[in-house]
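What follows is a set of structures to go through.
Both complexes below contain subunit A, partnered by subunit B and then by subunit C.
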Partner chain A sequence: MEAIARLIAAEAATPADAKNTAAAASAGYAYGLAAIGPGIGIGYLVGKSVEAMARQPEAAGMVRTTMFLGIAFTEALALIGFVVFILLKFA
Partner chain B sequence: MIALDFPEINSILRWKDIFPGFNKIALIAVLAVVISTLIFLLAVRQDHKEAPRGIRNLAETIVEFIENGVVMQTMGKDGLAWTPFLLTMFMFIYLCNVPGIIPFFQMPATARMAVPLFLALMVWVIYNVTGIKHQGVGGYFKSTLFPPGVPKALYILVTPIEFISAIIVRPFSLAVRLFANMMAGHILLVTFALLSEALFQAKDKVLIPVGILPFFMLIFLTSFEVLVAFLQAYIFAMLTAVYIGGATHPEH
Partner chain C sequence: MNGTPSPLAMAAEGLAPEVSVSRDIIKKGLWIAPLVMGLGAIIWGANGAWSAGLGLAIVLINFGLAASLIAWSAPISLALMMGVSLFGYLIRLGLIALGVFLVRDVSWVSLPALGITIIVSHLGLLFWEMKFIAASLAFPGLRPNAQEWKPSGPAEKP
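This part shows the complex of A and B:
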């Protein structure tokens, strides 16, 4: 990170330029970091749901509904990261 | 190397007005309303004593899907009165999402924040008003902010968290979920379309066959977007049902 910061400071002509470059560089980190947790979470959630459906196929409908709800809540974190990426990159 | 300039975000999300105050997004939203109204008006005109055919089949499938897949799963039998509202929400969001992959439209109307934000605020007003109507002002805020079965001392911690999550974060996350999903899909499609176009027109002849790879990815993502468009409409309707169900029947 420090190396990138030094590189940016050396390359940029004006403070505004440095700010834009730093924003563009950190936009990628924002989304990448935001995707780690929800990625693990959704994987765990769907895996457990499949296990539950395989054990009790008659409860599959209920498990599926709850699974989608859980995915929706977990995914929201990654999506907020994506919005932050858009805001940093383009706003 | 090939030079690939990603266009300005505004040039892929903003549209020129067709006539003042009316652009492509508004056109898609109006079409979504007109098409869903037409489907159900045409379906109602058929004799309900005969076996359903044609468009009535479609309408009945959608209504049954909302009843069994959304209302019965989240609110139970008492919630069946909410079916028309959830059905309207589902149809509108789905028909706003689907133009993202229809040629010449190529833009989901829900990828502009205004549409999901308005829908989410509407849901927010509706579930709060429903809760207040069913439990009274005091009862509703007591059951939302002071969940039963928590030790008294913990309310210092629980109440602010519940307030933020139930009153502030819910409409925000509802809006952002729909908006970000659709916009992410749109940007992905744009990216792969631009990449394959740039590779197909590359000066270096070696690069031209490589363009098939992003093109296949584009086809795959387009079919993936069919699923996403449906799933997001479904999730929005289901979360609405969960919030309304939670407001009408508090935990004991």
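This part shows the complex of A and C:
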């Protein structure tokens, strides 16, 4: 991170440019990092749901309902990261 | 090979509960749309109202798309449902990003209003629906179609 900051400072023409570039890079990192956790979480959640449906097909309806809500709740974390990104980058 | 089918080759049969959940969420979202737009107008002005409406529309389309993808893939195979859930997550995030990027320079869009509406309406609608689902699972008699639901009585003797 420090090396990237030095590179940005060396490449930028003015301190304002350096600040803008660093803000854009930070926003990109924030969005990218915020999407990793929910990706792992959704993978784990759906994998366990498939396991549960295979074990007990008669409970598939309840499992799918819970899985859908779980996916939506997990996705909220990525949406928070995305909103932070657009606010840092464009607002 | 013991002849047992792989769980991933199985398919989910029956009704698609996620479609009814998302339909319920969309219905609730449309009910609260005037309230959300009104709050946006009070806090951020006229631009805030339109942006709040756009944010709510993005959230509702996202719910509908997620449910449609799962409902489409589950009867085919559970493996496909896994893949569609994971790649669907990426695709939906990409679509949301694309939607916001396309409107970011439009004069009537207020990005703070749009962003805050996306987060608050997504979480708010989910908690609202979760409360309803939890209550209907705990007390099935409270379901709107409770007449169709009959408690199982003691087994009849032959």
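FYI, the second predicted complex is superposed on the first by the 91 of 91 C-alpha atoms of A that agree within 3 Å, B and C clash if a C-alpha of one lies under 4 Å from a C-alpha of the other, contacts with A are read in each partner's own complex, and residues count from 1 in each chain.
In the analysis below, a residue touches a chain if its C-beta (ideal position, glycine included) is under 8 Å from a C-beta of that chain, and two chains touch if they have at least 3 such contacts.
Just so you know, these numbers come straight off a predicted model, no measurement behind them.
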{"item": "Which superposed partner A:23 touches (first subunit B, second subunit C, both, neither)", "value": "neither"}
{"item": "Of subunit C and subunit B, partner touching more subunit A residues", "value": "C"}
{"item": "Touched partner set for A:90, first subunit B, second subunit C, both or neither", "value": "both"}
{"item": "Touching partner for A:76 - first (subunit B), second (subunit C), both, neither", "value": "both"}
{"item": "Partner chain in contact with A:62 - subunit B first, subunit C second, else both or neither", "value": "both"}
{"item": "Intersection of subunit A interface sets (partners subunit B, subunit C)", "value": "61-62, 65, 68-69, 71-73, 75-76, 79-80, 82-83, 86, 90"}
{"item": "Of subunit A, residues touching subunit B in the complex", "value": "61-62, 65, 68-69, 71-73, 75-76, 79-80, 82-83, 86, 89-90"}
{"item": "Contact footprint of subunit A on subunit B as seen in their complex", "value": "8-9, 69, 73-74, 173, 176-177, 179-181, 183-184, 231, 234-235, 238-239, 242"}
{"item": "Complex contact set, residues of subunit A against subunit C", "value": "35, 38-39, 42-43, 46-47, 50-51, 53-54, 57, 60-62, 64-65, 67-69, 71-73, 75-76, 78-80, 82-83, 86-87, 90-91"}
{"item": "Residue ranges of subunit C in contact with subunit A within the complex", "value": "7-8, 10, 12-18, 21-22, 62-63, 66-67, 70, 74, 78-79, 81-82, 85-86, 89-90, 92-93, 96-97, 100, 104, 111-112, 114-116, 118-119, 122-123, 126, 129-130, 133, 137"}
